[in-house]
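Both of the next two complexes hold chain A, though its partner changes from chain B to chain C.
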Partner chain A sequence: MQLHEFLTPADQVAQRTGPGNRIVLSSRVRLARNVSGFAFPGWAKKADRQRACDLLCEAVGRQPEMQGAFTASLDSLSAMDKQILVERHLISREHAAKGAGSALLLSRDESLCVMVNEEDHLRMQALLPGFQLPEVWRAIDRLDTGLEQSLEYVFSRELGYLTACPTNVGTGIRVSAMLHLPALVLDEQITQIIQAVNKLGLAVRGLYGEGTEALGNVFQVSNQMTLGESEAEIVERLSKVVAQVIEHEDNARARLLEKESKVVFNHIGRAYGILANAHSVSSKEAINLLSLLRLGIDLGTLPGTPRALVDELSILTQPAHLQANHSDKLTAEQRDIRRADMLRHALRDVRRPIVPPPPAPPLDKPPAP
Partner chain B sequence: MQLHEFLTPADQVAQRTGPGNRIVLSSRVRLARNVSGFAFPGWAKKADRQRACDLLCEAVGRQPEMQGAFTASLDSLSAMDKQILVERHLISREHAAKGAGSALLLSRDESLCVMVNEEDHLRMQALLPGFQLPEVWRAIDRLDTGLEQSLEYVFSRELGYLTACPTNVGTGIRVSAMLHLPALVLDEQITQIIQAVNKLGLAVRGLYGEGTEALGNVFQVSNQMTLGESEAEIVERLSKVVAQVIEHEDNARARLLEKESKVVFNHIGRAYGILANAHSVSSKEAINLLSLLRLGIDLGTLPGTPRALVDELSILTQPAHLQANHSDKLTAEQRDIRRADMLRHALRDVRRPIVPPPPAPPLDKPPAP
Partner chain C sequence: MLCQKKEARVHLTDVKEGKVKKVDLCEDCAKAKNIEDPAGFALADLLLGLGASEELTSGATEGSPLVCPHCGFTQADFKKTGRLGCPACYETFKDGLLGMLKTMHKGNRHCGKVPRGLALGREVQERIQGLQRSLEQAVATEDYEQAARLRDEIKALKENPGAVMAG
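Now for the complex of A and B:
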C-alpha cells in the first residue's frame, strides 16, 4: 500500500479534535528504547542494522494496536513521502534522512508511530489532538509493555533504559504538547513565558522540534530530563505547566481584546485579506497568517468559519503536501502560486472578519490539569 | 468664507476627469512673475512685502477668471487648512510655511491658483485633470496676459522675466504632468525611464515636487530649463515626452499581464486585501496600496469599481484631510486607525479582485500629443 492511500486526508485530520484543542494543538509522548544483542544504530554495521530492523519491525507489527499498520523501510519511501510524514509530525527530520536498515510503523488511526533505527533502535510515539497527556502516556505505555514481553530492552538497574544519547537515559521519555500562542507573541510576553518554563526544567521549541523556528506562533513544550523522575511524575508536571501557559494565553487574549483590540483586529484583518487575495504565498507566510486567522476564529471575528478549515489549510499548504497534489515537480516559486490559489479558493466563501460585539464571546476554559 | 466651505468635496474632485486620466493624473503650468517697484519677497521688508501683497491680491482678484475666488492671507489660515491645500496640490509646501504678507487666490473651479509672495511676487498655476498641457498653458497665459495690463513685470530684454531663483529666469514657466506609473515600477523599468527623460532635459520628481519621494508610483515630469525656448515649445516638447512615457507604461502593463500576470495580480490582490481588512494603515501605505488598486481597476480586476473611488480615497486618506473630518486633534496612531476605518468602509461593497479573462480589456490609447 502506498503512503498516500494509507494516510487520512487532511480535511479529516483537521476534524479530529481533543479537549482544549483551541490552544493545545496536540499531545505527544515518545519513548526511546534499545534492545540487547545489537549495536546501537549509529554504531551498527549495515547488515546488523538490517537484522535488527527486521526483528523489531516484526515485533512491533505483532502488537494488537499495530494491526493494519502502515509499515515501510525508509529506502522504499520517496523523498516527498518522507517529507509528508515530517509535515504531519509523524516522524522526525532525522528519521526522514535515513534509508535502508531503518523503518517506520504507523498505526491505522495514526495515533501510534514507531521509528525503527532512528537514533535508538526504537523511538515510539503516541500522538493525539488536544490536551490529553495522560491519555498519550497510557497509549504508549501499553505499546511499550506489550513489546517488552518479546524484546529484551537494554536496561541498567542504576540508570534505567540506556539510549544512544545520554539526554534520554533513564525513562527515555519525552512528553510534549504543541501550543498555539498567538496572543502571547502579539503581547510580547512570549520570551518571558519561555524563560519561566525553562526555569522549571522544561524545554520550549519551534514547530518541528529541537533547533527549529517558532513558525505560526506554535511552541512545543517538553520535559528536558529523563532521569530521577517517574514517567507519571513527568506527565503530571508537564500537564500542570501547560495548563498555566494556557491560562497565560487566555489572559493575554482577554487583555489584548480589552486594551489593544485594534492591534489584534489589524493583524487578523490583514492576515485574512492577504490569504484570501494573494496570488503568491510562501510556506512560512502561510503558516504565520493562518495562525492569525485561527486566532480570529477563536475571538469570534469569523463567525461560521470552523477552526478545522484553518487546520486543514495548515497541513495542505506545506511544501510536500502541496507537491503531492501535482504530478509535475514544482519549483518553490510555482508552489507559492499554487499555495495562494488553494488559499484563495478555500477562503472564497469566508466573509471578511468582523469586530465581534463586546463583551467578547466566552473563552472555553482549559481542562483542569 | 472658510476654506472648507469653499473647497470642492473630495468625491466631486475625484469625478473630474480629463483625456488620458488613466495614466496622467493632472497637467499643470505655473508661471513665476515679479513686479517693478518692490523688492523680491525674500529681500523685502515686512511692510513692503505687505504692500506688495495687497496690491497684487487686488490686481489678481480683478481678473475675470478669478471672480468668486477664495482669497486669504497666509496668516489667516490654520496649519490644517494650509496642509489641505498642499495635499490638493494647490499650493507648494514652501508657501504653506508663509504667514502675514503672503496670500493665495484660488479660482471658483479650483483650476487657477495664485500664490502671492512665495519665492516670487507671483506664482500662478493652472491645474487640470488628465493630459491637457496645451489647455493649462492657454489658461495660465490668459491670466498672465490679463495681469500684465495692470502690473509692470520685471523683465529684461536679454534674459526675459527675472525671478528670485536663476533657474526660473526667462519664461518663468514650469510645465508638469503627474503620471501614475505602477507597471514601470513593478517591471523595474522606472529608473531607466527616469534617466532617459532626464537626458532630454526634463526633471522627474515625486508626488509633492522637488526633493520628494515617489509615493504611490506617481511621478511628476517637468521642464528644467526656462531659458532659450518659448513657452509653446516647452509645452510641445513635454507633451511629446509624456506621450512616450504613457506608451512605455502601457507596454509595461501589457508585458506584465502577458509574462508575469501572477506577480501583478499578487500585488493587486494583497493591496485590496489589506485596504479592505486592516484596522491601522499609515498614510504612506495607503498611498502605495491605493496606487495598486487603481492599477487593478485599469486592468479589469475590479469590474464595476470606478477609478474615482480610488482617487477620492487618495485625497481623503491624507493626514490633514483625515484630521479635518474629526473635531479632536488626532495623533498619528489615531489617524492610522481612522484611515483604516474609512478604507474598510469605503471598500465594503467592493468584491474581491478577479483575474480578468484573457485577452486583457483593450487599454484606451493616450491622446496624440
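Now for the complex of A and C:
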C-alpha cells in the first residue's frame, strides 16, 4: 500500500480531539530500545544493520497493536513521502534521511509509530491529541512489554536500557507535550516561562524553525534526563509543569483581553485579512498567521468557525503536503501562490472577526494543578 | 553562534532529538571557538556539553587509547559522533562515562522499568534465598519432613521459575 493511501486525510486528522486540546495540541512519549547481538545502528556494518532491521520489523509487526500497520523500508519511500511523515510528526528528520537498513511501522490509527534503526534499534512513540501524558505512556509501555517477549533488550541493572547516546540511557524515555502559547508570546512572558521550565530540568523548544525560533507560537516541553528517575515520576512531573503553563497561558489571554484588547484584535484581524485575501503566502507566514486565527477562535472572535479548520490548514499548508496535491514539481514561488489560493478558498465562508462581548467574570478560580 | 557578518566557511551538522541543525561559522568565529579543523571538532561537545569528549578519555591510561573489544569503537569516534558504538562500549568506557552521566542526569542509577524476565529473575532469587534459610532452620531443628518439602519447592523453583511464581 502506498503511504498516501494509508494516511488519514488532514481534515479527519484535524477532527481528532483530546482533553485540553485548546492549548495542548498533542502528547507524546518516545522510548529508545536496543537489542543484544548488534552494534548501534550508526556504527553497525551494513549487513548487520539490515539483519537487525528484518528481525525488529518482524517482531514489531507481530504485536496486536500493529495489526494492519503501514510498514516500509526507508529506501522504498520517496523524498516527498518522508517529508510528509515529518510534517505529520510521525518520524524524525534524522530518520527521514535514512535509507536501506532502516524502516518504519505506523499503526492503523496512527497513534503508534516505530522507527527501526534510527539512532537506536527501536525508537517507538505513542502520540495522542490533547493533554494525555499518562495515556500515551501506558500505550507505549504496553507495546514495549509486548516486544520484550520476543526481543532481548540490552539492559543493565545499574544503567537501565543502554542507548547509542548517553543522554538517553536509563529509561530511554522522552515525554513531551506540544503547546500553543500565543498569548504568552504576545504578552512577552514566554522567555520568563521558558527559563522557569528550564530550571526544573525540562527542555522547551520551538516546534518549527531552528533553535529558539518558535513559528506558530508552538512549543514543545520535554524531559531531558532519563537516568535516576522512573517513567511515572517523569510523566507526573511533566504533567504538573504543563498544567502550570496552561494556567499561565489562560491568565495571559484574560489579561490581554482586559488590558490590551485592541492589540489582540488587531493581530487577529490582520491575520484573517492576509489569510483570506492574499495571493502569495510563505509557509512560515501561514504558520504564524494560522496561530493567530486559532487564538481568534479560542477568544470567540470567529463564531461558528471550528478550530479543526485551522488545524487542517496548518497541516495542508506545509511544503510537502502542498506539493503532494499537485502532480508537477512546484518552485517555492509557485507553492506560495498555491498556498494562498488554498487558504482563500478554505476561508471563503468565514466571516471577518468580530469583537466578542466581554466574558462574564469567572465564578471560581480554576483549581490549582 | 554565528555572526552573519562574514561568509561561513565552517559547516557543522548538529543532530539532536531527531532535528538536524546546521551550524555555520565564519573562520574568525570558528577560531575564536577553537574549531579550526571541523573534522577534529568534537560533535560530542556540541551534543553533550563542553568537556564531554575529554571526559571519556579519563579512563584511558597514558599512551594506550581505549578501544571497545566488541565493536572497535574508540574515544576518538565518540569525540566525532557523540554516540557510542555498541552496548559493550558502556563497559569499555565506564570510568569516563560515569562522570559524564552524573552531570547530564538526575542520578547515576536506573530506577525505572525493568524487563519482565529480569524482574522475575530477581523475585525468584529472593524467594529461593528465603526458602534456603528456612531449610537450614528445619535441618537444625531436625524437622526433616519440613526440610524435604522445602527442598522440593526450591528444586521446582529453580527448574521452572515462571510456573511456580505464577501459581
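By definition in this document, the second predicted complex is superposed on the first by the 353 of 369 C-alpha atoms of A that agree within 3 Å, B and C clash if a C-alpha of one lies under 4 Å from a C-alpha of the other, contacts with A are read in each partner's own complex, and residues count from 1 in each chain.
FYI, contacts are C-beta pairs under 8 Å (C-beta built on N, C-alpha and C of every residue); 3 or more make two chains touch, one makes a residue touch a chain.
Because the structure is predicted, anything quoted here is derived from the model rather than measured.
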A:Glu119 in the overlay: touching chain B, chain C, both, or neither? Say first, second, both or neither. second
Report for A:Gly216: first if it touches chain B alone, second if chain C alone, otherwise both or neither. neither
In the superposed arrangement, which partner chain does A:Ile337 touch: chain B (first), chain C (second), both, or neither? first
So, A:Gly101: does it touch chain B (first), chain C (second), both, or neither? neither
Between chain B (first) and chain C (second), which, if any, makes contact with A:Gly20: first, second, both or neither? neither
In the overlay, answer first, second, both or neither for which of chain B and chain C A:Val263 touches. first
Once the shared chain is lined up, is A:Gly296 touching chain B (first), chain C (second), both, or neither of them? neither
Chain A residues touched - chain C or chain B, whichever exceeds: C
Contact residues on chain C for chain A in the complex? 15, 17-22, 47-48, 70-71, 73, 77, 81-87, 90, 97, 100-101, 104-118
Give the list of chain A residues in touch with chain C in this complex. 34, 36, 38-40, 42-43, 92-95, 97, 118-119, 141, 144-145, 148, 153-162, 164-167, 169-171, 173-174, 201, 210-211, 224-231
Which of the residues in chain B come into contact with chain A in the complex? 262-263, 265-266, 269-270, 272-280, 337, 340, 344, 352-353
